[in-house]
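Structures for review follow.
Consider the two complexes below, in which chain A is the common component and chain B and chain C are the respective partners.
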Partner chain A sequence: MGQFFEDPLDRVDGRLKVTGAARYFAEYDLPDMTFAVMATSAITRGKILTIDTKSAERAPGVLDVLTYLNMPSIPGWQSDPSKPAPQAALGGERYRVLGSDQILFNGQPIALVVADSLERAQYAASLIKATYQKASFETDLEKNKDKGQTVRGPRGADYNRGDANAYKTAAVQLEQEYTIPIETHNPMELHGIIASWKGNDSITVYAKTQGVKSTQQSLMNAFKLDQKNVQVFSEFVGGGFGMALRTWPQEILVAAAAKKIGRPVKLVMSRDQMFTMVGYRPFSIQQIKLGSTKEGQLTGLVHEALSQTSSYEDFAEGTVNMSKFMYACDNVATKYRIVPLDIGVPIWMRGPGEATGAFALETAMDEMAYKLNMDPIALRLKNYTETDPERNRPYSSKYVKEAYQLGAEKIGWFKRNPAPRSMKDGEWLVGYGMSSGVFNASRGEANCRAVVKDDGTLLLQSAASDIGPGTGTAMVQIAHEVLGYPVDKISFELGNSTFPPAPSQGGSTTTSTVGSAVHIACSSLKNKIVNLLLEKGGSDYAGKTAADFTFSDGNVRAGNVSVSIASLLKQQNLPALEVTENSKAGPDQQKYSMYSFSIHFAEVRVHPKTGVVRVKRVVTVADSGKIISPKTAASQMIGGVTGGIGMALMEESVIDHRYGRFINNNFADYHVPVSADIPHIDTIFIDKPDPVINPMGAKGMGEIALIGFAAAVGNAVYHATGKRIRELPITPDKLIE
Partner chain B sequence: MNPFDYKRVTTLKDAISAVKPAASVFLAGGTNLIDLMKRGVTAPETLVDINNLPYNKIEKTATGIRIGAMVHNSDASEHPLVTENFPLLSLALKSGASPQLRNMATTGGNMNQRTRCGYFYDTTMPCNKRSPGSGCSAIGGYTRMHAIFGTSEQCIAVHPSDMCVGLAALDATVTISNGKSEKKILFTDYHRLPGTDPSKDNILQKGELITAVDIPFNKLAKNAYYLKIRDRASYAFALVSVAAALDIQNGLIQSARLAMGGVAHKPWRLFEAENMLQGKRPTNDNFLSAANLAMTGAKSFGANQFKLKLAPNAILEALHLAAGKSAS
Partner chain C sequence: MKEKNPGTEENKGSSRRTFFKQSSAIAALALTPVSIVKASEKGLDEKIASAFEKMPLRVEINSKAYSLEVEPRVTLLDLLREQLHLTGTKKGCDHGQCGACTVHVDGRRVNSCLTLAVTTEGKKVITIEGLAKGEELHPVQQAFIQFDGFQCGYCTPGQIMSAVCCIREGHANDPDQVREFMSGNICRCGAYSNIVDAVMHAKKGGQQI
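Entry: the complex of A and B
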């Protein structure tokens, strides 16, 4: 190991993507395909009194119109919707799509039209007329702050270490509230699915999913099918950011429709439906209370978060986690509450709750640094901890001090004048800000098949996913390092549920988890090849042991004898050698806390008269263990920072609470950063292997690129202007003087 | 989207007769119309494609330049007659939408694009502009993008165009044809205020076609700027925009042109502020007085209150930039 950095690989699927040859789910065309469009509710809560589908049914090309009145029963869904589903991911705990006349959120599907073309389905869907009995509803978290509920399960429990009130008697105190609006994932690719049945007990789907195995499981559960009769394909995904981590109820609906009409059905949701039916980052209100000695030693930290969920399903995330272990502080208390509202259920989004929490904590740390007249890095160093204070055990690896230093040097942190509003570039106010991010690093269980063939190629297969970060590239790189095959002879196939099982792509675990499986499978092939030579290789290998063999360029060498693996297979009349290996973490991991860390720096310009903020420069440093694929890892960080700039400066899904409807549910009004918003981004890797996590030493890297970044921007805006904006996004209206 | 017919016309006569039936509309670049059809805001039965009409040139006339109604926004923004004589218009055009959209968008289509008020786009909500008499959802709702000038109790929407703000400032005129005769109207009279009939954005009548826009030569090219304040660096509608142009001779402002976008149902020309600046020196104090004067009668509706501050700041800033301060 250790070669990764010296030999960076280009993205293995880059060419397919830029030439359009990569096929996304919606691009599959099956014989006899039909097209589905959903009609959705115009009210937020209540019930359907009448639903008129006659004109839709009569419209040209229409094959079927499903409503709650004729929805086929889903065998795996309990008919009584007040009972929890056996698994939440089946379709919400108390929500079944087209399951009854009840409306639980605005934009809820009330009918599914299936027609012989997309346009005809769209037209017919527009003809569906419903009347409703409206009920009162709540969609505004700020008006329902008092309705917080504890989350079931251990992660939802209040956390206390030492004295929760300690901050109240500290020499220097800070109490602030931070608000983050609803943000919507909005990947470029719209969500959807193609479902096609063979008979009544076998289904094939092409889906947009972050986990083919999880989609397979959802379909198995919903329709009570055998695993071998459910095939899920999702080779390319046009961005997910978390929203494709579960099988949404409308996907099951499409499968039910396909079964009913006996033809394949394709659903591609519309952009406005992407706001209501596939999750979002929940609106949150957070309180941070900090106490410190005059020297900057934290003596109390309280982090309380309130976040929204739906009326029919709980959604909880790790919003307050970072506060428990990031800084050395004897007295820490956290509380996390959710408020059920009349809106679709949220789901993890970009660095999920950790990113939400890091904005609050890392802004508060900056505020405290200014109160103490201390450099924000010095304050963090003062409270630096080498062991995890939450679990009282060492970190598997932590190089955050180095990260502060590298980043600070690169951006010129110590050359700035730290006083707020002290730096200018013409009329523009100049500001520097920094922040930290952290996310759990882990290694899950995964399987990989590895096949060397007599044509000189190496094929790897695992039911993993790639929603964009470049999974295939990292896997090819790992296989190349282990088995020494030229990279252009290695292919890694994923996104297919018939491959050996692997978990969904989420929570920054794929490189660690699937990469380990690739590593083990390739090592196992290596042993097989060595044994083959020892047993059948003849006199050249007499007296040799496994340690004598080296692998490079598709060849295996022992002493002066080198043979290509392809010709070895030919000699032995073997078309291929194959292994399938399982990989999981060992018990050792329980002795450590494993985290990836990021340290962000941003330099901004703020125009005081117009409130315009421009991010001028970004330096972001990742301590995420060994970097396997430097190019795609850098791209991931650039992507994370871009998402962070969006979160800091523009992303916000606005609901008109009088109606419970989203107002800006399109790409003209929901702003994500464009190229002109993104400056040069310096990505720095510590690139030191973690000795515990996996054979490669690679920790996760996906989420940390974004976690905390919004705080770096907000802190820079404060340094520039002297104004602290605690409500994201930081739009011009909040800064105009 | 409804099923619809599609007709392509190549002559003025055919265009006018094809658009006569009640549910027929012109299709130019389609960048606004098709979106509105997709969202069900409008449901024409016939689209009359006018892209092949011969109004696709930019020409010099005796008194100025003429931009054909079918000229693409991207072409207009880069044409030497525009960039040399009316850099303000070029800047305004380039600040609008995205390159892909500007490649499709036309002069006539841009003028007739509809408001981006979110309630107008959502057919489940009341909106007087889309469905007269149903009420205005914006009032009392989400008003961050809405108007501060010339509003009515019926509608507080803004006209979203950047190009039109430039043209309003440049004393342009619009040529409208009904197939038999032509009329010329001042650009500033083309769009209207909502009053009691917000369903009408402008004075164009059924069966009329815009054929061209004329801009008279002026001495404002040297000191002109289009400042657009928005939520991201590109590809966003204006929170507030300002077209500012000054003719400065011997240290005195001989004449000034000022217009604002993002603040009213039409491009908002600031005649009084212009008059005030005439004969004055281009100083901060004078600019400030002009900006303050321009705000007479401004009124906010909740979330757009920041525009009361942003608008005068933007006027001041645009005047300085027009007068020669370098933009960064």
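Entry: the complex of A and C
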């Protein structure tokens, strides 16, 4: 093995992406393709009284119009749609698309038009007319704070360590509330699906999904199909950020329509529908209560979070997790509650709940540092812990002290004047802020097929996904390191449900989980090759043992004898050698707490007259174990920072609560960062392998890139202006004087 | 262009053309949308709709001449993606707000989702598929790979088409200028800082852009 993961590799699918040859779900052309467009509810809660589809049905090219009146029954949906939706906190999905006349949220589909061209489907959908009986509704979390419900199950339980009231008697106390609005994932690729049936019991879909196996399972469940009769393809995914972690009801609807009309149906949702039907980061209100000694030792920490879910389904996430283990503190209490509202159900959005929680905790830590007249890094070091105080066990690896140091040096942290509103650049106020992020690192179960062929290539297959981080690139790197094949001779295929199973891409687990399967499969191939040589290689290999063999450049060497694997296969009349291996975590992992950490620094300019905030410089440091693919890993980090800048300064999905409708459901009004908003971003990797998590020593990185970053910006704004903004996003109106 | 799915009998290209030529009385009807609507309601809809919905379009796309019949409501983006299967050009918003659909029309960068296909009559359209010279990538494409100016890749064709014009327009003289003149192209993965590096590299590389 050569230098371990030292060579930055260009993205293996880069050429396909820069030439337009990469095919995303909507770009598969099937014979007899038809086009679907959804008409959606104009009210927020109530029922459909009449729905007139006649004009749509008679419009040119229309093949079918589905409403709740003629929706085919879905065998896997056994619940009685005439029954009212259950109360929240009971769990389980009860919303059935076109399942009844009931309207549960604004923008809910009320009809699906299928036509022979996109334009004809769009026009016909505009002809659908419905009348409704309106019912009262609630879409405003701030007006329904008293309706919080406990989430069922251990993950929803309140957490207590020591005395929850300890902060009340501390020498220095802080109690603050932090609010984060609804944010919408808005990947650039619109959501949708292509569904095509063969007969009544076999379906192929091209999906926008973060997990082909998960989509396959959803279709199997809905239509009661055998696994072998459900094929899901999703080779390229135009971003997900969490919204493609489940199969949404409208995907099942399209599959049902395709079955009914006997032709392939393609749905590509519109951008405004991306706000209502495919989840979002839920609105949240958080309280942090901190108590500290005058020297900065935390003596009490309470973190309470209120978040929203839908009326028909629970959604819960790890908003309060970080407070349980990030800092040494004997007295910690957390509570998490959800309020059912008449909006579609949320879903994890990058960094998920942990990013929501980190904004609150890491802003509060900054506030406490200023109260104590301490440096924010010094406060964090004072409460640093080498063991996980939640589970009372060591971290598998933690290089956070080093990360503070590297980041602080790079941005010039200690050269700043720490006093608020003390630094200027012309008429702009200058501020520095820092924060931390942390996310669970784990290794799940995955499978990988690996084939060396007599043409000198290595093929790897796993039903993994790549929504953008560069999964294929990392997997090729791992295979290259283990089996010594040149990277251009290795291909990694994913996004196909017929490949060996792998989990969905989410929670920063793919490199660890699928990477381990690749590692094991390549190691297993190595053994096969060694055994082949020992058994059939002749006298050159007499007396050798497995330890005598080394692999590089597609060759295997023992002592002075080197042979290319391709020619070995030819000599042995073997077209290929193949293995399929399963990989999962060992019991050792239960002895450690495994986390990836990020330490963020931001330098901002704030214009005192206009309230404009510009992020001028960013340094972000990741302790995510060994870096497998330096180039794509750096991209993950700058992407997370960019998302964090959006969260801090501009992202907010606004509902007009009089009507329950999103009013900024487009890219002109829902602001995401554009190039002019993003400075140069320095990424630093600790790049030390975690000794426990997996054979590569790689922890995860996608989530920590974003987690905490919004707090770094907010803290920098405070340093610049002396104003603490606890309600995201930090828009100019909140800063203007 | 032929109907891709000649499923309904009345809807075939040849009969439509014949119908159109022979029927000057009905052609006059085209000027009276209300009449069309009424005719449509009386069940003549499919024939009449087909006759009046399509217009001839001659356009050069990626140096290839096309002679098409398209409905006036068809956008250049949907023509490229759904009819010509040039799917490198992406739909991100359909409202001219994200830049994913950026193509060149007579050398200018435009949002193809806001461009009705029929307005490109006689024009030259270049899409991402027409940027490389055979196997040889355009310098901007090469720079995007080198600087990892993308992640999921969905906004990438639009970014690259925009970047090529940004350089040609003389708007790539420094990173801040690139940031400003590339701000019509959203990248949700957040590859901007690498994109700026890639554009500056391509500009400084001295190759013909």
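To be clear about the criterion, the second predicted complex is superposed on the first by the 720 of 737 C-alpha atoms of A that agree within 3 Å, B and C clash if a C-alpha of one lies under 4 Å from a C-alpha of the other, contacts with A are read in each partner's own complex, and residues count from 1 in each chain.
Note that contacts are C-beta pairs under 8 Å (C-beta built on N, C-alpha and C of every residue); 3 or more make two chains touch, one makes a residue touch a chain.
All of these numbers come straight from a predicted model, not from anything done at the bench.
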| item | value |
| --- | --- |
| Partner chain(s) touched by A:G640 [first = chain B, second = chain C, both, neither] | second |
| Touching partner for A:E119 - first (chain B), second (chain C), both, neither | both |
| Which of chain B and chain C A:R614 touches, first, second, both or neither | first |
| Touched partner set for A:D13, first chain B, second chain C, both or neither | second |
| Per-residue touch tally on chain A - higher for chain B or for chain C | C |
| Which superposed partner A:E27 touches (first chain B, second chain C, both, neither) | second |
| Partner chain(s) touched by A:T731 [first = chain B, second = chain C, both, neither] | first |
| Which superposed partner A:L49 touches (first chain B, second chain C, both, neither) | neither |
| Chain B versus chain C as contact partner of A:P673, first or second or both or neither | both |
| Partner chain(s) touched by A:A171 [first = chain B, second = chain C, both, neither] | neither |
| Shared chain A contacts, counted only where both chain B and chain C touch the same residue | 119, 123, 666, 668, 673-677 |
| Residues of chain B defined as touching chain A within the complex | 1-3, 40, 116, 118-119, 121-122, 124-125, 137, 140-142, 144, 229, 231-237, 239, 306, 309-310, 313-314, 316-317, 326, 328 |
| Contacting residues of chain A [partner chain C, same complex] | 10-11, 13-24, 26-27, 29, 32-35, 58-61, 116-119, 123, 186-190, 236-241, 268, 270-271, 467-470, 631-632, 634-636, 638-643, 666-668, 672-681 |
| Of all residues in chain A, those that touch chain B in their complex | 42, 119, 122-123, 126, 425-428, 609-612, 614, 649-650, 654, 656, 658-659, 661, 663-664, 666, 668-669, 671, 673-677, 731-733, 736-737 |
| Residues of chain C defined as touching chain A within the complex | 4-5, 7-8, 11, 40-41, 45-46, 49-50, 53, 71, 73-74, 78, 81-82, 85-95, 97-98, 100, 127-129, 131-132, 137, 141-142, 144-146, 148, 150-157, 160, 175, 178-180, 182-196 |
